[in-house]
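Below: one structure, written as structure tokens.
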Amino acid sequence: MAFLSGQDMTGGYTGTDILRGCTVEVEKGEISVVVGPNGAGKSTAMKAVFGMLVLRRGKVILDGEDITGLPPQLRVARGMSLVPQTHNVFASMTVEENLEMGGVTRAQGVAETIGEVFELFPVLAEKRRQPAGELSGGQRQQVAVGRALMTKPSVLILDEPTAGVSPIVVHELFDKVIEIAHRGVAILMVEQNAQQALAIADTGYVLVQGENRFTGSGRALLADDEVRMSFLGG
Amino acid sequence: MENLLNAVVLAANYLVIPATTYGCQIALGALGVTLIFSVLRFSNFAHGEMMSFGTMITIFTVWGLQAAGISIQPLSTALLALPVSIAATIAVTLLTDRWVYRFYRVRRVEPIIMVIVSAGLMFFFSGLTRFVIGPEDRNFDDGVRFIISAREFKERTGLAEGMSFRTTQAATIIVAVACVALLFWFLERTRTGKTMRAYADNEDLALLSGIDPEKVVMLAWTIAASLAAIAGTLYGMDKSYKPFVYQELLMPIFAAAIAGGFGNPLGAIAGGFLVAFSEVALTYPYKRLVSYLVPPSWQPDGLLQFLATDYKYAISFFILIIVLFTRPTGLLGKRSA
Amino acid sequence: MKLLHSRIFLFAVMALLLIATGLVQSWSVVTTILNLCLISAIMSLGVNIQWGYAGLVNFGVMGFCAVGGMAVVLVAEPPVGAAWSAGGRGIAISAFIVAVAIAACLVVARKLKLRTRLKQLVLAAIIMIAIFLLKQVFGPATEAIEAVDPSLSGYLGGLGLPILASWIVAPVLAAGVAWLVGKAALGLRTDYLAIATFGISEILVTLVRNEDWLTRGVKNVVGLPRPAPYEIDLQQAIWFQHLAAGLGQPVDGFSTIFVKLCFAALFIPVLALLMWLSESALNSPWGRMMRAVRDNEVAANAMGKDIKKIHLTVFVLGAAVIGLGGAMLVTLDGQFTPSSYQPQRFTFLIWIMMIIGGSGNNWGAVLGGFLIWFCWVEAEPAGVWLLDLLTRGLGEQSELRHHLLANASQMRLVVMGVVLLVVLRFMPRGLIPEKRGQSFSD
């Protein structure tokens, strides 16, 4: 049994199922990447894992425990953390305040964790007094990830962290993601940059119309001709 | 030279001091409205009645204290009664949230439904205060009236114009400054205050960060209620308490909040002063002021008043309309409300 | 539940309430209540057109009522010749200045290609010049008018037309005002619209209260001509004495009831006509489109509907109906008293009627008008009676008892507020819900 696993997840909004028996899993210290065409239900799968979507069938298991019925806030307390695709920073608040808000549930040790985040993203330390809304796209994503790390999560879920970010920054950001994984965090990530993302993935999932089409190690998927032809643009 | 001094004194006495005092009162009211708007995302039509309710409690407490012979002369007993009024207003506001607003809040209804609900509460509370204390005009300021009276000022300076500075005006300004300082310290420096800003900024992300929405909402109501009780009491102490007038304060308060960009506390304060100064400046007859500044042969015949005092509420309305059309996000605002 | 929502049953209950009041209190009271129920129903219909059909929040009902009421004065009162000769020219010149200034502003704003800053300056200059010119003409003219026999007239008077003509003029006037307001405010977010209309109504009432040359202001206009017979004439008419005797009624008492019934006979056809028009409109393709726009503005927009234009139409229509209600009220009262326009009574009470009756449903709005007006009127004696009973133990000398009894009439605001909140929560679609589609709280 994987550390975090969403099994056979089925559900959606207002009647129609967006997810149809989708399964995603991730181990501690590893990176799982979910790729697929637009409308495949990738973001919905992340929401389902985080409890922001009521499942009609299937379950979510964290560290051997069934958490399917748990609301998102309680999942945060259990060590899960989510970086949404958009609106993922408090735009009117400074970088430091953003991080502080990330750690709001913790009684102490917030200052140290902020230090750790600044170590991971040195640029944020420089801009700590600037409102997050005034930062560049890449820096803003760093704030978003940093905020999510403030709870010292065991699982970090990233919904397209590189959307609207320049290619060089994508590379940089993925390096950081690997670094975070090396600290023992399980990372579940949805990505548009499928090629680059699968390159760093321990496990990759190709989702089509809410179903798992291909599953395998990142390298294996990249090598698979069919996957390359249909989803990675040759 | 003396004419110029007289003009300055006159302007201070009839324009600057009253407008500053009034501006403080409006700003405190607008802060409450803007806070509720940024956290609960609706325009609270009941805010004027909350101010009225708070003032009513102040008056009852003042009566009680007076009966018991307790006073803080030369200051108004109302200032001593303020904590009671704040506590009562908070209690009532939290109850209305629990019994009325919460039902709609958890269902995430459209803001307009909340507006209609708040209008219902306004109706209810306007009846309640009028029933309990009666619709009459009440003066409850029992402090020493003047810090400087016009006569005293004239005697000391030898000028023709007097300047009076009433105790209630000083109290208004001091209390308002203290409230604003405390509020901003809370919002900018404390963790709880920051969670409130975070919730106002991005509700979904606040939830993902584990911020408890109920706590934030309760806090917003608590602060708004305190501000309402304080603003209402200060206004009533400075002018007089009449339930009907508090209903009419709603317009300048909304105008101030919108001019400042709904949801922007600094803007609400600026808006309060904009509204107050416009109201006073446009309804003031400038005849005497001008007579000090121009040669006798140029004396104006009219009152030189732009607008009759009866139309002062129209001024806040026009400010509102102009802001809505030219800068819908408010004069200071960047973020759309 | 089905019975509870059946409109025949509900209107029957309403009728029974009125009849019971007649038996317990008096038929004179019932006819008074009935007339105001009819007027309230019309105002409630007007608000329903705006909110129920289109989801537009008009918290300025009071303003349109006042405009409608003013129309009665302007139509039915005889012109005051002396006032016209004293200040008529000044007013005419002022009107001309305003018209020219507005035209100039429009030309500058729409036609001239200037930089924004410069344009604003030019506009400001035009307005300043217009204000300066108005100061020279308008002030003296109004002073002259107001000086003409101030205790009796002191205003321009009206056109001296039959009072019923005002029932046509009032909706037109209210519609005109609504068009201006709508043009300015309908693009706003819903709660800004609520605030804006609320503010506009305060300003309209301030105007009516202070522009003595036009409306006599707080000096009121009393003794408006009546479209119904006068009691005194009835009492002296032979046929009426026979009629009263035939019904076994005292002539004096019956004459007042008869007069009120005459008013009712004028009001009922108006309500019936409005009801027929509203029902046909609501069930026409136009009405369906209206509701589609209300329920999903984005989709309607995508379908290429010009939402702003549609909203403006509905807003104007609703305001016209409210204005008509306002005119009928002044006609019934026989006097125009600007200080009587209070938002509680003229804006929020009407809203309560519409919501409790059932927003989006014309029958509901009418029922709400009847029921809530009935409760509003009866809550006062009921409140006094209840407080009298409750405080009897305190003894006749009790100050508390006196205070409570003196303010008992305020209790009805409390009661109505509670009723509104309870209905909003537990029966958000009202007594007679809209037939289909979503409504209030969804």
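Letters A, B and C mark the chains in the order given here, with residues in each chain numbered from 1 onward.
Definition applied: a contact is a pair of C-beta atoms (placed from the backbone, for glycine too) under 8 Å apart; a residue touches a chain by one contact, two chains touch by 3 or more.
A quick note: this is a predicted structure, and the numbers were derived from the prediction, not measured.
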item	value
Most central chain, Cα average position	B
Greatest separation from chain C - chain, by CA centre	A
Intercentroid distance (Cα basis), chain C paired with chain B, Å	31
Centroid spacing, where centroids are CA-atom means, of chain A and chain B in whole angstrom	46
Intercentroid distance (Cα basis), chain C paired with chain A, Å	58
Where chain A touches two or more other chains at once, by residue number	none
Residues of chain C whose C-beta touches two or more other chains	none
Contact footprint of chain B on chain A as seen in their complex	72-73, 76-77, 81-82, 84, 87-93, 97, 100-102, 104-105, 133, 147, 150-151
Complex contacts: residues of chain B adjacent to chain C	42-43, 45, 100, 103-104, 107, 109-113, 115-117, 119-128, 130-132, 134-135, 247-248, 250-251, 254-255, 258, 302, 308, 310-311, 313-314, 316-317, 320-321, 324-325
Footprint of chain A on chain B - complex, ascending	191, 194-195, 197-198, 201-202, 204-212, 335
Partner chain B, residues of chain C touching it in the complex	55, 57, 59, 135, 139, 184-185, 188, 190-192, 194-196, 198-200, 202-203, 206, 209-210, 343-344, 348, 351-352, 355, 403-404, 406-408, 410-418, 420-421, 424-425, 440-441
